[in-house]
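Beneath this line is the structure, given in structure tokens, with notes to follow.
For clarity, chains are labelled A, B, C and D in written order, and residue numbers in each chain start from 1.
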Amino acid sequence: MAELLSLSDAVEKVIADGDSVAFEGFTHLIPFAAAHEVIRQRRRDLTVIRLTPDVIFDQLIGAGCVRKLVFSWGGNPGVGSLHRFRDAVENDWPAPLELEEHSHAGMANRFAAGASNLPFAVLRGYVGTDLPGRTPSIKTITCPFTGEELTAVEALNPDVGVIHAQRADRDGNVQLWGIVGVQKETVLASSRSLVTVEEIVDELEPLPGAIVLPHWTVTCVAEAPKGAHPSYAQGYYDRDNEAYRAWDPIARDRDRFQQWLDEEIYGSVHA
Amino acid sequence: MAELLSLSDAVEKVIADGDSVAFEGFTHLIPFAAAHEVIRQRRRDLTVIRLTPDVIFDQLIGAGCVRKLVFSWGGNPGVGSLHRFRDAVENDWPAPLELEEHSHAGMANRFAAGASNLPFAVLRGYVGTDLPGRTPSIKTITCPFTGEELTAVEALNPDVGVIHAQRADRDGNVQLWGIVGVQKETVLASSRSLVTVEEIVDELEPLPGAIVLPHWTVTCVAEAPKGAHPSYAQGYYDRDNEAYRAWDPIARDRDRFQQWLDEEIYGSVHA
Amino acid sequence: MGQFTPDDFMTVAAARALRDGVSLFVGIGLPSTAANLARRTHAPNLVLIYESGCIGSKPTTLPLSIGDGQLAVTADSVVSVPEIFNYWLQPGRIEVGFLGAAQIDRYANINTTVIGGDYDKPKVRLPGAGGAPEIAALCGEVIVIVRQNERTFREHVDFVTSVGYGDGPGSRERLGLPGRGPVKVITDLGVLEPDPDTCELTMTQLHQGVDIEQAREATGWELKVADSVSTTDPPSDEELSALRDLLDTQKAAAA
Amino acid sequence: MGQFTPDDFMTVAAARALRDGVSLFVGIGLPSTAANLARRTHAPNLVLIYESGCIGSKPTTLPLSIGDGQLAVTADSVVSVPEIFNYWLQPGRIEVGFLGAAQIDRYANINTTVIGGDYDKPKVRLPGAGGAPEIAALCGEVIVIVRQNERTFREHVDFVTSVGYGDGPGSRERLGLPGRGPVKVITDLGVLEPDPDTCELTMTQLHQGVDIEQAREATGWELKVADSVSTTDPPSDEELSALRDLLDTQKAAAA
């Protein structure tokens, strides 16, 4: 049965320095509160994994928690660059950042293979691009029936999978709906998992398109209201597009970013 | 856009002698009405495909529509044998029946590969059993990253995919829910598709766990109320377990089966 | 104490073999009856998983098929068939697999495919594999429920549909089968368990009223017997009435 | 006629390129604006598909991200990200793919990964691939929207993120890319199309008020020009007001 913990205890329990940690949520349900707690606890040398690093990884990278990034699209959606990400790649600030770069299709299949306990997945992808030359976790494979050559990508099995969901019950059964991305795959592919939720309820009533993760597939659940802000939680609050725009000037400047860290993260303790 | 047709016109349009035809629906939403129309139109030399042949294929086989069966479990669930299937395999009656035999895991992955336009799927299956020796569409494949040997199964891409669903709208958007089996994969893997539905409605309102197949993925839709009987349609009617039990004595005896065909199929025209 | 048949004894013994709270991949027939009996007696928190994609079903009546509607409406989650095998069974998330058999050999290899003749023209064509080969390979452990007689307990099975211990010690490791394999074979006469060294099925338990000679005669090979054979307690009144209720629910549903 | 910018011209030209009723894989930014403009003008039945898993979204405001909530709530179906790529994009079910670019070469190969320096220490680190490599490979056809200037129109791209026509005729076939590839590159100056024989991007259309010299100067290679270059009609009042409304919805949503 999943353990119900405070967010700080949960991060303490499941995430250690040097771990590989996937923080998933495709635009929707991005686990910002959990990432902020990771920064607050000053984790180091993490390999962080997600399709779209987004502002959440700009913050983790800028704060110096990250040694390696596994990803497929590193921008601020609809706004522009992730400046902390760029500063790390272009100027090694605050530290050098190792990259393992894929396409969305490749990353999604890597999580699906990990969730299926297969060492690789097969897709039609990357052909003719410069990515296979840069990324060892992309190879070719031949169909044993047709002889056709296809692309294989190595499975992803992170030490820890972190997602945000709308609800859980007191046994730790988790319910999420709306854009579900690769969140289920992330929990099932990871050795340990942390799910933050908007609320813990007595009874999960079925909802259109809802996914349920049974309590025996989840390591721990932490209540974190608004835990996906500035991304959103369908049925609870909308995406704060203004906050995504406001991030740009903060992230452009190392001092303003440091000030943001001091005021918003180190200065504040998550309820 | 999917064409809305009568069931007889739809079968006329999409299923020809010699076609490979998947009739899916895992216990739930088995497209009996469509199969009965295929018998009525006296299709011949079909390769019929489904995980669980069930009573629906006992009827198609006994009626002489089938040349080859691709399957993974050929019993009458909770009742016993499929006697028409056994009579065909054991005694070539009414005609010899070629078999391509898999496990459920293999068949499910074959449909998923077909829906993904991949020539094969990878799984951990069949190892140590006598199935690979009998079934050429099972081979081994080596992981290009770990060197581990796994099982590959050939993709399924039927000429026609036939499923039953709860509802469609007038554009031919299809909605189904409950146990969804491999129905989505069947439609997406097939060159042509026929979806029978309990009812055609003006508006598809979202429902818990419902799948929607957009009209542009479906060839034609035919209204067939109770079209899954004696299997069931969640939200419309329950499984007629008595009818499954009653099938046993009918199927045991060639004459009683012939009489059933004359009275229930050739004698009656589907509304 | 009420009246009961050898099949009742088998079903009750199988139900007792299930620890409360485990996740269980359930086939239809005797395994489903035993699993639902366990839920109604000592294991209310059993997680029932059906190959139809139902996870955590809590049926109130005994289903006839593995896809009855109530399995879906009472489930925590209903997933597609590719997902139930790829995301749930394949990674070994399911602790116990419950299998039946038409033939079984001393290493608990199972045949549910063909009997007699050859594959293309068998004397008896059985249903085939279903989910069994992967359940036998990938569940944490497997429990087999099968009536014990010379037709089913064979020196050699006519077709290996699902692997138990292959040809003996080390077979599962060589084949790369991650699950432990069959830990119990529960019959209408008693219980067999694999010998820790030889993997050969060994009669370790007899149902009350059954003697070892019956078991020997019902076995198509020279049956290995444990040094001390325990006796299965007969079904308790509570177990029997729960079983009757369960079977009644199916009749009622059918009526 | 109202005032408009070269970007407005580009967006309107891109919207016009979309036939009503086609299924369209939409990236964010200009492609999303153009697609939603088309939906509000001549192509109300456009099927918008977003890599977030939204199929048939009908947004009433212009989304800022490809995963805005309204894309999900207005969709015919929302599927997982593995499914949108495997079941929907990979089989070529989606007729048109809409892509942007940071650099593009004469064969419409696209770079959105790095500029300058080397891969490990680039002068500018761009976002990367996202869904683009598979959209470029697998959609029935591709339309590229990009501002035309010497920084973007390069003799050689610094990194091939998405393949257009590779190194010319036969490349896509040799690579086994099933889609037709880029059929139009729509810029703030006009429209380029691949030469049927050489696959080289050729200026076939100039927006009203743009002369060919401007286009030549904005191109980092010797620009091929069609024998007869047509002129893009300026945005109509209807198109402009629809575009203004659309952009206002985004401002409103942001407020």
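Keep in mind that, in the parts below, a residue touches a chain if its C-beta (ideal position, glycine included) is under 8 Å from a C-beta of that chain, and two chains touch if they have at least 3 such contacts.
Remember, predicted model here, so these are calculated numbers, not experimental data.
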> Among the chain pairs B-D, A-C or B-C, which one reproduces the interface of A-D, with more than half of its contact pairs identical by residue number?
Replying inline: B-C
>> When I count C-beta pairs in contact, which pair ends up with more: B-C or A-C?
In response: B-C
> Between chain B and chain C, what is the gap in Å from one C-alpha centre to the other?
Replying inline: 28
> Hey, how far is the Cα centre of chain A from the one of chain C, in Å?
Replying inline: 41
> Cα centroid separation between chain C and chain D, in whole Å?
Replying inline: 57
> If you look at chain A, which of its residues touch at least two other chains?
Replying inline: 112, 117-118, 123-124, 148, 184-185, 209
>> If I count partner chains per residue in chain C, which residues reach a count of at least 2?
In response: 86, 90
> For chain C, which residues count as touching chain B in their complex?
Replying inline: 28-29, 51-54, 63-69, 71-73, 78, 80-82, 85-86, 89-90, 113, 119-134, 137-138, 159-163, 166, 171, 175-178, 253-254
> In the complex formed with chain C, which residues of chain B make contact?
Replying inline: 26-28, 51-52, 71-75, 77-79, 81-82, 85-86, 89-90, 99, 101-105, 108-109, 111-112, 123-131, 134, 148-149, 178-182, 184-185, 209, 232, 234, 238-239, 241-242, 244-245
>> Which residues of chain B touch chain A once you look at their complex with the stated criterion?
In response: 117-124, 137, 139-141, 143-146, 148, 150, 152, 154, 206-210
> Touching chain D in the complex: which residues of chain B?
Replying inline: 112, 115-118, 173, 184-185, 188, 211-214, 216-217
>> Taking the touch rule as given, give the residues of chain C at its contact with chain A in the complex, in rising order.
In response: 23, 47, 55-56, 76-77, 86-87, 90-93
